[in-house]
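The following blocks contain the structures, represented as structure tokens.
One chain, chain A, appears in both complexes that follow, with chain B as partner in the first and chain C in the second.
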Partner chain A sequence: MVLEAVLSGFVLALFAPWIYKVGRGAAGWILALLPIGIFIYFATFVPPVAEGETFVFAQTWVPSIDISLSFNVDGLSLLFAMIISGVGALVIIYAGGYLAHDRDINRFYVYILMFMASMLGVVLSDNVITIFIFWELTSITSFMLIGYYHEKPESRTAALQALLVTGAGGLALMAGLVMMALVGGSWEISELLNRGDVITGSSLYVPILILVLAGAFTKSAQFPFHFWLPNAMAAPTPVSTYLHSATMVKAGIYLMARFSPALGGTQTWTVVVTSFGAVTMLLAAHMAWQKKDLKQILAYSTVSALGILTMLLGVGTHAALEAALVFLVVHSMYKGGLFMVAGAVDHEAGTRDIALLSGLRKAMPITGAAAVLAGLSMSGIPPFFGFVGKELIYESTTEFDMSAILLTVFAFLTNGLTITAALLVAHKPFFGSKLSAPKHPHEAPLTMWLGPVTLGTLGLLFGLLAGWVGEFLIAPAVSAVQHHQTEVHLALWHGFSMILLLSLVTIAFGVLVYWKHEVLGRWFAPSNVISKWGPEQWYFWSLDGMLGFGRWQTRLLQSGYLRNYLLIIIFSTVGLGLYTLSKYNVFSQNTIFRPIDVTSYEFMFMALIVASAFVVTQVRSRLAAVAALGVVGYGVAIIFVLDGAPDLAMTQFSIETLSVILLVLVLYRLPRFIQFSRSRPKKITEITAALAGGGFMALLVLLVTALPAQSRLAPYFAENSYKLAHGHNVVNVILVDFRGFDTMGEITVLGIAAVGVFGLLKLRLDKTRQTDTPPDVLTTQHQSADVFPVMEREQS
Partner chain B sequence: MTSVILSTATRYMLPLLLLFSVFLLLRGHSEPGGGFVGGLVAAASFAFYAFAYNVKQARRALRINPRVFIGVGLLIAVSSATYSLFLGKSFMTGIWTETEFPVFGAIGTPFIFDVGVYLVVLGVILTIVFSLAEGEQ
Partner chain C sequence: MEVLLAVVVGILYAAGFYMIMRRSIVKLILGLGLLGHASNMFIFTIGRVMRGNPPVMPHGHDVLTQPYADPLPQAFILTAIVIGFGVQAFATVLVKRAYQTVGTDDFDQMISTDQP
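== the complex of A and B ==
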């Protein structure tokens, strides 16, 4: 049943364009029924899972290599699945309004549904290979979605960047997962989690950890891989809401949480994960408040939130895990809501630049209210759920046994700057006495405020019902991460404590920075020079380096002259062949210098072949050379006839005929006959190549025919051709039955080659028609060395 | 390129060569022949036709775009190989009829596979020959 829930997204994606054709404006509402259904389905799991049950659904897929479609519903995967389907429904409805006038909206629905299904697959999979496949599917669908506005170069660059960064991490992850499975002795994740001791004790533990974390850090945009996420804001806002705040970027967090029973608990884990998370959260929070674009502020504050989550998973105590899961829910709600608000503002007011916006609450009261709800939760103001989250974060950092003070300072600064970012997004555009916006703003349609209002209200409700949420959603998830049953008691009010004081100071600090953000921004502006030399620049350098290397080696290897390729092929074949033969003692009197019976007519045809081959090299006309070459081929075919291979002969005759036809056709396209090898050294090289190639083949034939046939295949085929395959013609039976699979591959290749030839010729025809110049084969071959995907980029 | 001898000869050769190619295809399983060589002969017959007249007329004589043959041929080949899966046997197991038909003998999936090969070869060669030849006109 879980399998169907996961795959249903892919199935619906297939039909989405038709549903859009029929439903038009209502298509978003119709398509959202699926995620709503999935959400309700998973909601039914909440009570039993809260009592400590887990559900496993397994379906064999590739049993020979232990890959199964097994899914595991426990507290952690359930929490993620509900976020994915719940936010998914709201985003699809939202997109129906946001992209209403976009001509590619049906394509958007296809991608987003496929993404949702892949993401559900990631969080529910219980098999190492299956989770990896779904993981990669999220990268690919994310590539499609970021590049949705494919006519804009910055969208394409951002899409490629996200794909390359997360894709590279994905490869590392695969290596890490496979190693972990081999060390742990199982491909099922639930089994691996029971063998944490074996994995952490193994000598491969550190490599496994590095590789798995590389996957998680790239996906969840941890420093120094964080730069792709702000760039991914080139995507339409519904995508940013869904992928880049609520779900996909949390896949890395999910991965770390899921595998922490197997990989966590060691000092290496704590130090590495905590410090990466801590650096990311502070750095990104510092970047966030200096941005002017609503989506950029939100993007950096998302990176910061992901840093907080990573840091908490690194600390790994019960309090930290509690904090991580609460904050995960909090963040998905407020950040999803704020992204939708930013999109609505952009849509209705015409800009996302906060400097140009103020007083929008008068024109957009509902959107403004939603922004305030989300902003308050983001700032951690009681009684919002965000307050619970922030208290828990402080609780876990102050108890961190390695360096509580340093980590708490990091957390304090991050939380304070997060409040500044919240004010910039939720306060700055909506408040202020005078209404200002580039175009006349009005309230967003229902589709576009439904999402943020729902999420904002939930942020408040969850805060008020903190105890209930803790018992039913957070406790099972914490139990899953800790890998044993545990209890969570959340409460809004913890009494007067140091932590409450810290929360109050944090709010004051955040408000202070917001109040003075323009002055402070000018102070800190010079520090942004660093980003010019930062990780994103390394990415572009390595990309340029790779392309440069590609160009260099292509120029080195691809001269564009057929005769060079032929020389290389012939000499390396002869050299490698002779080297191999010399290792076996096969050159002897019996093999090479032995009498061979040649009949007079065989000799006649041989002389004919040799003579016409010589003619080929001497004539000055291409047509004559082709004809002479045809004679060589027919001569060989006659030898086949004489030696009792009618099938081969027949094929050879047809092939020769067709080759002559094709060559004649091709000749028209070639430039006039040019003799390249005029100089003596060149001639000598070519004669050597010809003699070496011919001599080597003759030697090979002599050797092969002299050695005793040891094949068991030939007698087998001869014996069973009629018995098993109803055919007397062994050659044909081999082709269509015994080795039919090969033939299938060959005809497929043939077909593709024909389509390729067709494409190349038609493309060239069109070009010549435009420029009206005769095609010149030699020069076009040179140009082909420069045909590379042109990577556009934009650095801001 | 206009030659009365070639064009007259081709007019009579085309049906004969086509018949011969089908003959090769049908007998292939037990006597020299087969789908590959049959496809080559059939392709050659149309290639000659294109030479003797022109590509346009050759296309008209063929009636169907040669690229279609590639797709149809591959589809037939794959279907013949998949058929055994439905009988619970592994992919590409040869399945033969019990009864013997006149001319054909027993018909089996390998024969149908060979028909696919025939069509693919015919389609591939004609696609290439026609595209090349069209460049000249």
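== the complex of A and C ==
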């Protein structure tokens, strides 16, 4: 059943264009029924999973190499599956409004449904290969979604960047997962989680950890791989909402949470994961409040939130995991909502630049209300769920046994700057006495405010019902991450404590920075120089380096000169062939020194063949060359006659005659051989290559014939030609009976060649049109040139 | 016998390779022809040569009795001869059209996919 739930997205994606054709404006609502159905289906798992049950669904796929489509529903995967399907439904409805007038919207539905299905696959898979396949599918669908506005160069660059960064991480992840499976002795994730001590105790533990974390960090945009996420904002806003805040970027978080029973709990894990997370969260929070574009602010604050999650998973205590999962839910709700708000503002007011926007609440009251709800949750104001999250974050950093003070300071600054970002997004554009926007704003349609209002309200409801949420959603997830049953008691009110005081100071700090953000922005402007030489530059340098290398080796190998290709082919075949032969020590006395029993007329015809071949290569006249080639052919035919192959001889005689006629007819219209000049060293290289190639083939003949002849097929044909096929001529019987289908294929090939010859002869090439419109032959060549622009540039 | 045939095969290959490395497109066609003969002789020789004993049974017999030449390589070569002719015919006509269109029979001038 889970398998069907995962795959249904792919199936619906196939039909999405038709559904759009029929449903038009209502297509978003219709397609959203699937994620809603999936959400309800997974919701039915909540009570039993809260009781501590887990559900495993297994379907064999490639049993010979232990790949199975097995799915595991436990607290962690259930929480993720509900976020993915729930936010997915809202995003698809939202996209129906946001992209209503876009001509490619049907394509969008296809990609987003495929993405949703892949993402469900990632969080539910219980097999390391299956999870990797779904993981890569999310990268690919993300590539198509970021590049949705494909006519814009920045979209294409951003899409490629995201694909290369997450794709490289994906390859590392694959290596890590395979190594983990080999060390742990199972391909099923649930089995591996039971063998954490085997994996952490193994000598391969550190490489496995590095590789798996490389996958998680690239996907979840941890420093120094964070740069692709803000660039991915080139995607349409529904994509940013779904992939780049609520779901895909959390795949890395999911991975770390999922494998923490197998990989976590060591000092290496704590130090590495915590410090990467802490650096990312503070750096990104600092970048966020300095941006002017709504989506950029949200993107950097998303990176910051992912940093917080990573940091908490690194700390790994019960309190930290509780904080991580609460914050995960909080963040998906408020960030998803704010992205949708940003899209609505962009759509209705004509810009995302906060400097140009103010007082929008008068024109867009519902969107404004949704923004306020989400902003309050993001700032961690009670009674919103965000408050619960922030309290828990402080609770876990102050308990961190390595350096509680440092981590708490990092968390304090991050949280404070997050509040600043929340105010910039939810307060700045909507409040202020004067209404200002580039175009006359009006309220967004229902499709576009439904999502943010729902998510904002949920943020409030979850805060009010914190105890219930903790028991049914958070506790099972924490149990899954800790790998034993545990309890979670969430509450809005913890009484007066240091942590509450810290929360209050954080709010004051965040508001202060917001109040003075223009002045502070000027002060901190020089620090942005770092980003210019930061990791994104490394990415571009390595990309340029790679392309440069590609260009260099293309120039080296793809010269466009036929003889260069031939030289490479001949020399490498001879070299590799000789190497292999020498390795197996096949040479013997018998190879060359054997009795030569040759009749005089055999010898005569062999000499004739050799002499004629030599004439072909040397003669200046075309006709003479064709005649000499004909003599070679007849010579070969006579050898066939003498050595027991009359059928071959007959065919050879007739075909050779035809060839000579054809060549004479056609070559007569071609120019004489012009003695093209060629430098002496080149000519010597070519002669060497020709002799080496010929010598190698001769050597092969000698080696093979030195061995005793063994044909298992010949006796069969000899025995059965007449009995089974009623023919006395065995060769003929093979051709028309035993291997009749081969002959039919051969006839087909000849037929195609004949059609090709006919087409080429009939092809009209109008000389006068040649200059502006290329004739047919050249058109096809042009198309192939477009496929390889690099080559084209090199050769022209 | 096989030693001499090996030499013939080697020389035919060498001549064929040499011809397809020339700059003239007409020589390419002749080179392909030589390579075809070389390959047929190659298969023929490594299938062992059996003088004067074609794999044909006399009338009245229902099994082929030893000694006989291996019929399988012969069937291969028969196919190869005919296919080789098809290839050569197509290449010849293609070269003719290419010469008419591009206006040169020099391979060194035909290194770009663009029109000259």
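We take it that the second predicted complex is superposed on the first by the 605 of 796 C-alpha atoms of A that agree within 3 Å, B and C clash if a C-alpha of one lies under 4 Å from a C-alpha of the other, contacts with A are read in each partner's own complex, and residues count from 1 in each chain.
Here is the rule we use: contacts are C-beta pairs under 8 Å (C-beta built on N, C-alpha and C of every residue); 3 or more make two chains touch, one makes a residue touch a chain.
All figures in this text were calculated on a predicted structure; none of them were measured in a lab.
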{"item": "Partner chain(s) touched by A:Phe227 [first = chain B, second = chain C, both, neither]", "value": "neither"}
{"item": "Which of chain B and chain C A:Asp742 touches, first, second, both or neither", "value": "second"}
{"item": "Which of chain B and chain C A:Ile655 touches, first, second, both or neither", "value": "both"}
{"item": "First (chain B), second (chain C), both or neither touched by A:Val701", "value": "second"}
{"item": "First (chain B), second (chain C), both or neither touched by A:Ala725", "value": "first"}
{"item": "Contacts of A:Tyr668 with chain B and chain C, given as first, second, both or neither", "value": "first"}
{"item": "Chain A residues touched by each partner, larger count belonging to chain B or chain C", "value": "C"}
{"item": "Chain B versus chain C as contact partner of A:Trp269, first or second or both or neither", "value": "neither"}
{"item": "Chain B versus chain C as contact partner of A:Phe71, first or second or both or neither", "value": "neither"}
{"item": "First (chain B), second (chain C), both or neither touched by A:Leu750", "value": "both"}
{"item": "Common interface positions of chain A, toward chain B and toward chain C", "value": "646-647, 651, 655, 658, 662, 666, 669, 728-729, 731, 735, 743, 750, 753-754, 757, 761, 765"}
{"item": "In the complex, chain A residues that touch chain B", "value": "646-647, 650-651, 654-655, 657-658, 661-662, 665-666, 668-669, 724-729, 731-733, 735-737, 740-741, 743-744, 747-748, 750-751, 753-755, 757-758, 761-762, 764-765"}
{"item": "In the complex with chain C, residue positions of chain A that touch it", "value": "559-563, 566-567, 570, 592, 594, 596-598, 602-603, 606, 609-610, 613-614, 616-617, 622, 625-626, 629, 632-633, 636, 639-640, 642-648, 651-652, 655, 658-659, 662-663, 666-667, 669-671, 673-674, 676, 678, 686-687, 689-691, 693-695, 697-702, 704-705, 709, 711, 713-714, 717-719, 721-723, 728-731, 734-735, 739, 742-743, 746, 749-750, 753-754, 756-757, 760-761, 763, 765, 770, 774-775, 777-778, 781-782, 784-785, 791-792, 795-796"}
{"item": "Chain B residues touching chain A - in the complex, by the definition given at the top", "value": "24, 28-37, 40-41, 43-44, 47, 51, 67, 70-71, 73-74, 77-78, 81, 92, 94, 96, 106, 108, 110-111, 113-114, 116-117, 120-121, 123-125, 127-129, 131-136"}
{"item": "Contacting residues of chain C [partner chain A, same complex]", "value": "1-15, 17-24, 26-30, 33-34, 37-38, 40-42, 44-46, 48-59, 61-65, 68-72, 74-75, 77-79, 81-90, 92-101, 105-108, 111-115"}
